[in-house]
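What follows is a pair of complexes built around subunit A, which joins subunit B in one and subunit C in the other.
Entry: the complex of A and B
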């Protein structure tokens, strides 16, 4: 027994020493890694943190230093910024943004789903050429179509209305979403749709009752992207909307810079904070749909 | 209540790739027909053409006397069970079962009654409020079966429905499906079944008749018994039966089969049926039809390996450079299989002789072998 125990004890001591050393190294490595990550993360987030902090500062304090903590916090910026220099409050502009976003998101979801379904599941003449042109549109810079589009909408008499913002999306004009849904659909097994056909569902019923529920996660991200992009869209409303009472928040923010003689930076910052809030809230609320992603598709055996 | 006829059915993919080569098949009303063959033999494609999920390139599919080539799947009086169940993932079991009836706009009371009846038959009542992802493989397969059953179709189409289940479950589902078919027949609804599988055990145990396919051609259509005892050609002979039939190349001469230095008398019955002309042939001997003997006419072979299976032993032996597999009882193996050289005597009544050039079984009809 003794001759077995002896070397074992010696081995154990060196083992323990090695384990302790390893644990120490792990700890140091973790501390270094996390401090680096926190440092860089903080650096990247700092402008946003400063924005929120500065929106509670007085106008004179904003340029006094780079710190983000206000010395004497005040909500004056929010109160006065909300009133704006126009006859309308900021609430009106939020409402306008909402009026643009809601039909646009719904239109995008419906039209892109139908177009993607057709491309992913049906054979029809010129399919390859048509899908090729969808991809081509994806690669085309937006700017190229601005002027022809403007002339078209002007001739239709749609200027200074929300129609030029809604209609292209409701006709699956966003090639990116069509492409994204086509790719997602291609990854889904077709068995369920075939079973539905055998069960007597026609193409539209199959789409609504079988495909759309399976597309759920992809559709949520389409809606989310469209929401954020529309919320942040500045150029579209700038070109087509000329009456202040129809301005969305993105234009209204610029408005407060234009019309005020001495810029009230705290009001602008306060309203900027309010403007980014909906997008942030929606993103964090819907985050899990991004994660669920493709795994929510068919059932494996 | 439907007879299914396939008339010169063809399928060509991309204009050049022909996968189904004009097959003709008559399936009787109420018959359990199994399509069996190795993977890629186009059995599933054939089934999908019957279902209407695949376009028909040429030929006709006739169900219950009506040509259905241009009818949608739902108008063909069929129901289908898919290999990976194809349950609608977002619907509960109840919703999965009733989907077809809901689409057809049937009254709610009728749908509820139908769901309850099917759930009772398949013993899935406790699962009705579960989602497909909460089911085990066997349960999901029963729900898929229920979804077909609820439509009360004339023809059931099964596309390898058991291949995703483990061996034990597969055996019990096999019995359940044939029981169900018998039960429906007894109730008078007598549905026709077309069942696709690559598993010959399923084919042999389930089918009234079996259609063996290879590379888009039908090799033989027959009852399981006939398929086993009288395979029409080399392919069927090699495909049906476990372990596989021994197929030994050699020459025929005056009622004897010659392989290397050994001669095997074919027995007067078989020799009489075959023409006496010499020729190249393939001899087919089922492993089960060898007996181990200590003397008398037999094939001498060197024992290479013996697999002990419990009540029997699979013996792998080398005979003139050819591998022979034989199955003998464990007791027989103990008594006579212990030496290096064994003597195997095949039962002459069960021998098959195939024409080497075209694979025909010439021992069945007394044909002659090409010299």
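Entry: the complex of A and C
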């Protein structure tokens, strides 16, 4: 108010100059920031964009230039790549991946929910030590248990089946998910559960009808991450699956590099595109859950 | 909370079974196997410390593999985290399209572990691949990525740095939860943006930096897909990381005892570094808080 009537003193003018300077600095820093982000973003995503473009190129064009648009688009790479050098098509390998993923995801969701419920809502002897073991398993490098696990699965006669890939996960073996769900569950209020208990619900009913619906978003994150990781998993199938007819896509892709004569890159790139498509589709359909899941995992609780 | 003291155990059952059968027993078994010679055919033969003796005194491949692994981890993890933090700090300003960028930067993390991306990498850095085309376009000589021992490891480091997105998302979430009044206070005290970042933001981020550091380190020590697909451990074993060595000893040559010994050395290194990180974390978090007051 007083400003309007006040004469412009020297101090005020320098204030304005400072404000103008600040505005200019802000503009410059915004320009710098945006160009950095666009530059980095371009570098990050160009290989992927190029991959999609190149999968429609002929084999000779792939090495001819850095542009991503094919001159004369062809689906030859897809057609030939899909056939593979085995008696099976890539369809079979996708089906195998699906057969590995579905039971694994369901088993993970059920077992991790139960375990997280135990840790977040019950008091029992040795609870602290047992929760400590979750963290220990989370940090324990798989490399140290892999060999005895292999021997165990061999003795059980489970080699070359999907059981070694399913069973550990169905027994809440992926500690990351247990940890994530416990963190999430601890942040939820318990009054609904109290109310259900007063109404005579037992703990299992409370879990199914009250806790699971509240856990919804976190459970979706768990399923999505498990889907993604299993789709990408290579070492597990590499060790346990030996017959080509049971290969998931990750192994099939590796096989196609090994067996394709003189590297028919267009076939391999075309199959690479197909391999990453399910993960990309799921990610874009549900990216909110990924971002929330990963952020929640990093939060210290 | 509940009256029944043991009801919790009912829900814990799957975890307990899994913990014993798939973690605890294998963990101890692998320690036992590391003192034996075992080829899966006959039963394990106790050989005492001879596996370890061979590892540390006579195994050139192990020396090479260990060196390469340490170089890989200590270059990849800091690079990746610094980059993730840098981009997260930029994204933390009030920018338009922040969600767009966050998504774009996260996509490589979603796909990075996939064999398809390792295959793509193998093409990108091949002699006539996209990277050399781009280098050529700005007038530089093409680089021999897979023929030169130093470059080959670097391509794998680059692949993992490319996946900085998940670390970045964690940093960004932490940055967004910092109380804005702290920045105002710093600004009133005359602190510039850089000073504010190093003396206000960074200390407050130490818990997530620590979390990312430990997780990324444990992961980096177990890198397998990259060297297996992209470089096959070569050239001259310059990308022959320990997990690759363990895999070949165990599942190609079926030297289960020797492979277990290597795995235990790798485990010991990871464990010692994790303990150092935990132990030192108390210091740097406390130190930061002390310095601010």
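Here, the second predicted complex is superposed on the first by the 251 of 301 C-alpha atoms of A that agree within 3 Å, B and C clash if a C-alpha of one lies under 4 Å from a C-alpha of the other, contacts with A are read in each partner's own complex, and residues count from 1 in each chain.
Convention: a contact is a pair of C-beta atoms (placed from the backbone, for glycine too) under 8 Å apart; a residue touches a chain by one contact, two chains touch by 3 or more.
These numbers come from a predicted model, not from an experiment.
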Per-residue touch tally on subunit A - higher for subunit B or for subunit C: C
Touched partner set for A:140, first subunit B, second subunit C, both or neither: second
Touching partner for A:185 - first (subunit B), second (subunit C), both, neither: neither
Contacts of A:100 with subunit B and subunit C, given as first, second, both or neither: neither
Contacts of A:48 with subunit B and subunit C, given as first, second, both or neither: second
First (subunit B), second (subunit C), both or neither touched by A:210: first
Subunit B versus subunit C as contact partner of A:114, first or second or both or neither: second
Subunit B versus subunit C as contact partner of A:235, first or second or both or neither: second
On subunit A, positions contacted by subunit B and by subunit C: 297-300
Contact footprint of subunit C on subunit A as seen in their complex: 30, 33-34, 36-37, 40-41, 44-45, 47-48, 50-51, 62-63, 65-66, 111, 114-115, 117-119, 121-125, 127, 130, 133-134, 137, 139-152, 154, 167-168, 170-173, 178, 190, 203, 207, 228-229, 231-235, 239, 250, 253-254, 257, 265, 268-269, 271-273, 275-276, 279-280, 283, 287, 290-291, 294-295, 297-300
Complex contacts: residues of subunit C adjacent to subunit A: 1-2, 5-19, 21-23, 25-27, 29-30, 33, 40, 87, 90-91, 93, 95, 101-108, 110-111, 113-117, 119-120, 122-124, 128-130, 133-134, 137, 162, 166, 169-170, 172-174, 207-208, 211-212, 214, 218, 221-222, 224-225, 228-229, 242-243, 246-247, 250-251, 256, 259-260, 263-264, 266-267, 270, 274
Sites on subunit B touched by subunit A in the complex: 51-53, 72-74, 78-80, 82, 84-90, 99-100, 103-104, 132-133, 137, 140, 147, 151, 164
Contact footprint of subunit B on subunit A as seen in their complex: 189, 191-192, 194-201, 205, 209-210, 213-214, 216, 296-301
